[in-house]
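Following this line, the structures themselves.
Here come two complexes built around chain A, the first alongside chain B, the second alongside chain C.
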Partner chain A sequence: MATKHHVVLPGEPIDPSLIPTHPKHPLRLGPGLRHIPPEDIVPTVAGQLITNPAKNSMWIEYNSNRYIPSQNDLVLAQILRSTSDFYLCSLSPHTAPATLPHLAFEAATKKTRPQLSPGQLVYARVSLANKHMDPELECVHPSTGKADGLGPITGPGCAFDVSLGFARRLLMARSREEGGVGVLEMLGGEEGGGLAFETAVGRNGRVWVGSESARTVVIVGRALQETDRLGLGLEGQRKLVKRLVREIK
Partner chain B sequence: MTASSAPEVAFGVLPRADGSARYSHAGYTVLASVNGPIEAQRRDEHAYEAHVDVIVRPAAGVGGTRERHLEAILQSSLSQLILIKNFPRCLIQIVLQVENSPENDYVNTKLVQASLNFALMPALIQTAILTLLSAGVPMRATATVTAIAISHDKTIIDPSPRDVETARSVHVLAFTSQDDLLLAESEGDFTVKEWDDVYETAKKICCRPAPDGAAMQLDDDESSAAVGPDLRQFLRSMMESKVAADLHWK
Partner chain C sequence: MPRDHEPSLNEKQFVTQALQENLRLDGRELDQYRPLELRFGDQHGVAEVTLGKTKVLARATAELTVPYPDRPLDGIFTISTELSPMASPSFEVNRPTETEILLSRLLEKTVRRSGALDTESLCLVAGKQCWSVRVDVHVLSHDGNLTDAACVAVVAALRHFRRPDTSIAQGVLTVYTPAEREPVPLSWLHSPFCVTWSFFGEEGTTALLDATWLEEQVRVGSCTFSMNQHGEICQIAKLGGVPVDAVALLQCASVSLTRVKEISDLVDRRLAEDLKRRDKGGFMAELRAENDR
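The block that comes next holds the complex of A and B.
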């Protein structure tokens, strides 16, 4: 995948030899880059320039604390209040609320829509992220009409805040190999003594941990937050999990 | 002269802010936090761009007219750097707290309400830029700043408050990473020739080219004349270590 590690600062010119070229696919720019017509590609944040020649895409990898919504992100939203047609949800503190239509749930009709109360958590997909409008969410796949794991979060549990970079690593399909985070597997595996829990990771830096046992929720939440804060590697994560399981009774 | 201390920065000192940095240079220490883009108050809301809110807090006491003036200068310079058109109806809040300053004990500086604090300005702007980088706020370019004082035909880079008082004229210049002039504030008596010299000196300090092999050798006799830290290289190396720490898992 990515080949070389180049740190870029905002406004720095990118060496043309780093920009991937592909005979068929158009060039795709990811987060942290902007295109100034006709042909300048300029970074807007400080981070590492990553290029993927196979997909003809490039982006900047960086870590921050403020979530800026973008389309198709999976987020953990909190309901603020309900209006006649949609729920207003918070994705990050002090930002304009995102809208979640009452009918954007699986098998929802005017009569059978889910009744959500303020404060409740919803796992949703960002369906519209336009800089001039409030973001829009949905809990149903628009073409199949299936929930695919999205929807209101029920059952005992607690939400924890992590950094955006860590949330992204948790959401990677192969988070242990590519993201270097195996703390959840360890907690459920032999290091953690087979704790039973479920998680919902939001790209907006929030992780919901659910379990019947409060002890498990505390252990998992603390393990996630400390792994993020201390920047632990796989070996450090193993030690942390063992320590938490031993200490928290 | 206590001025010529190497710049230092620590990122992420405030865990709850979106971005934070503590920067110290030339005897001044400034702690800053950046939050944004967040929802703007109705009166600050702009339909097409983000509002940049700068708050300067002095080391002691509450801010007065001088701080409001500094805020206005910083606000207009930083709005040029931040991509404010990307976040309409939003607010980007920058709070700068002066923690330490080599204030002159002999004079009550608060009496001189009208004058600007020129020695403090570079530290404030540099801290704001480092904090914006730490918060990952999209920007057009980075910038480097320097203060220069002229007294008795002697040029002092990064003057102390005492130097500023005795100097004939004081100048603060900021350059973006594309070598464009971002900010030029001057005070005192000076000729056009002097200002041109100050401009050249400041540009040499702020826009020093990256040291790579042959270019460095050629520059050596020139750049040894221009003292002061290599700010651009400092900014770059600090950001490189921050990015490396953030992406340790790669």
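The block that comes next holds the complex of A and C.
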């Protein structure tokens, strides 16, 4: 299990007693940490230091305002325009657009590919991201050829903006225990009265909520944004869900 | 100039469809404003208005200058608006966008042309010396409804502002510093406020107040009413957009009057609180001879 330590600031070297050791696995550094040979490990961002002694890894949980694409991230992109070979998509406003090839969809050939118009939302994975090139996206798994839920977003619903840290906590496998975010389960469970909706969470800070009923979309969207804005714990999220279900008709 | 960030097709469709059920994204009523906050700075004439996530700062200043030759008995009053890149990267300094031009025109007609500030009182020596009052409006954050927020900021800043006191004796003008004599408020006649309505639907049937940025991108028409709390209309601006039924516009006007009265009360209250905060103890406190221990 990962252990949480204190908050660190960029540039201050980490106390050697906090660095985990393991007889077999080498030490792995995650986002936010940089190794300065021979021994120093220095954080490059401000955030909370997390270590996982079982896998012998350490990283920093931080909340920044600008999304920097990294490989294998699931993002909610918006199509800007189409060129002959690929779509240009925006991951966050006023940054360099990402390219999404026309054929990077499930079972797509030149004749059967999906025709997407500017402004369409797409759930994609980042296939290539480094600081020298524009990022590239894909809507299909590279080896199996299956979509796994990726592709253009259809159906009634709306997209909402959340902070990057909150999006990361929503995307965790065990978001309730590790991330402290249980609001989506509460909305679909008894506190929310069993609302029926689906979500697509993008690591770039955008969440799409889809449902037949517009009221459900508004409740879920506001619940997410208020939890993020106020930094609510599980108890606070429960109260928020009950209040929203009561208020919005 | 970087292009403005457009909302996605899904969002636009959803907002229009939800409005057909009279449902807004933030759960407000159709004629409900976001929480309006008004704060004053330490210096006289600085007012900051927050309307949800929209933030506007207005600053009023005055300096001595020569009046215009064709109007020797009037002072000079100008309002300048600036949409800074702080609000959005699509705004550039010194390159006015359509939003900025429309905003400054509406403020001009509402505050300047309606005679809210008595320019004759700004004249000191006819044809030679007068006050030039200038209000700078800075938009710090843009989440819709800049007009209403900017108008409240301008009116509040002008009512909060204090200009140096002057006197004329035998044709000689003396301008007193704040240490010599307390600065005096401007000669203010009435407080006009703007109320902007946005129309949605094919025939403009759904009308709502205080649109957020997303709702502004989706709307098919808009109409701004400027009036004061006595119901005197300064201007009505409907610049194109979908044709709206005349009876509906009259209803919008009467609801606007209620809102303007609420906004007017809020501004009066904040000004009174600020006056009380600055005037600790009042006259008797200045006359006390006790030392602070």
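Definition applied: the second predicted complex is superposed on the first by the 244 of 249 C-alpha atoms of A that agree within 3 Å, B and C clash if a C-alpha of one lies under 4 Å from a C-alpha of the other, contacts with A are read in each partner's own complex, and residues count from 1 in each chain.
Just so it is clear, contacts are C-beta pairs under 8 Å (C-beta built on N, C-alpha and C of every residue); 3 or more make two chains touch, one makes a residue touch a chain.
Because the structure is predicted, anything quoted here is derived from the model rather than measured.
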| item | value |
| --- | --- |
| Partners on chain A (chain B, chain C) - clash or fit | fit |
| Touching partner for A:68 - first (chain B), second (chain C), both, neither | first |
| A:78 touches, of chain B and chain C: first, second, both or neither? | second |
| Partner chain(s) touched by A:153 [first = chain B, second = chain C, both, neither] | second |
| First (chain B), second (chain C), both or neither touched by A:56 | neither |
| Chain B versus chain C as contact partner of A:47, first or second or both or neither | first |
| Touched partner set for A:169, first chain B, second chain C, both or neither | first |
| First, second, both or neither for A:94, with chain B first and chain C second | both |
| Residues of chain A touched, compared between chain B and chain C (which is higher) | B |
| Nearest-approach distance, in Å, of chain C Cα atoms to those of chain B in the combined model | 7 |
| Footprint overlap on chain A, where chain B in one structure and chain C in the other make contact | 93-94 |
| Residues on chain A engaged by chain B in the complex (per definition of touch) | 5, 7, 9-12, 32, 34, 44-48, 61-66, 68, 93-96, 131-132, 165, 169, 179-181, 231, 233 |
| Of all residues in chain B, those that touch chain A in their complex | 17-19, 35-39, 83, 86-89, 133, 135-142, 176-178, 235-236, 239-240, 242-250 |
| Chain A residues within the chain C interface of the complex | 78, 90, 93-94, 117, 119-121, 153, 156-159, 208, 214-215, 217-218, 221-222, 244, 247-248 |
| Touch list for chain C against partner chain A, complex | 2, 5-15, 17-18, 21, 23-27, 89-90 |
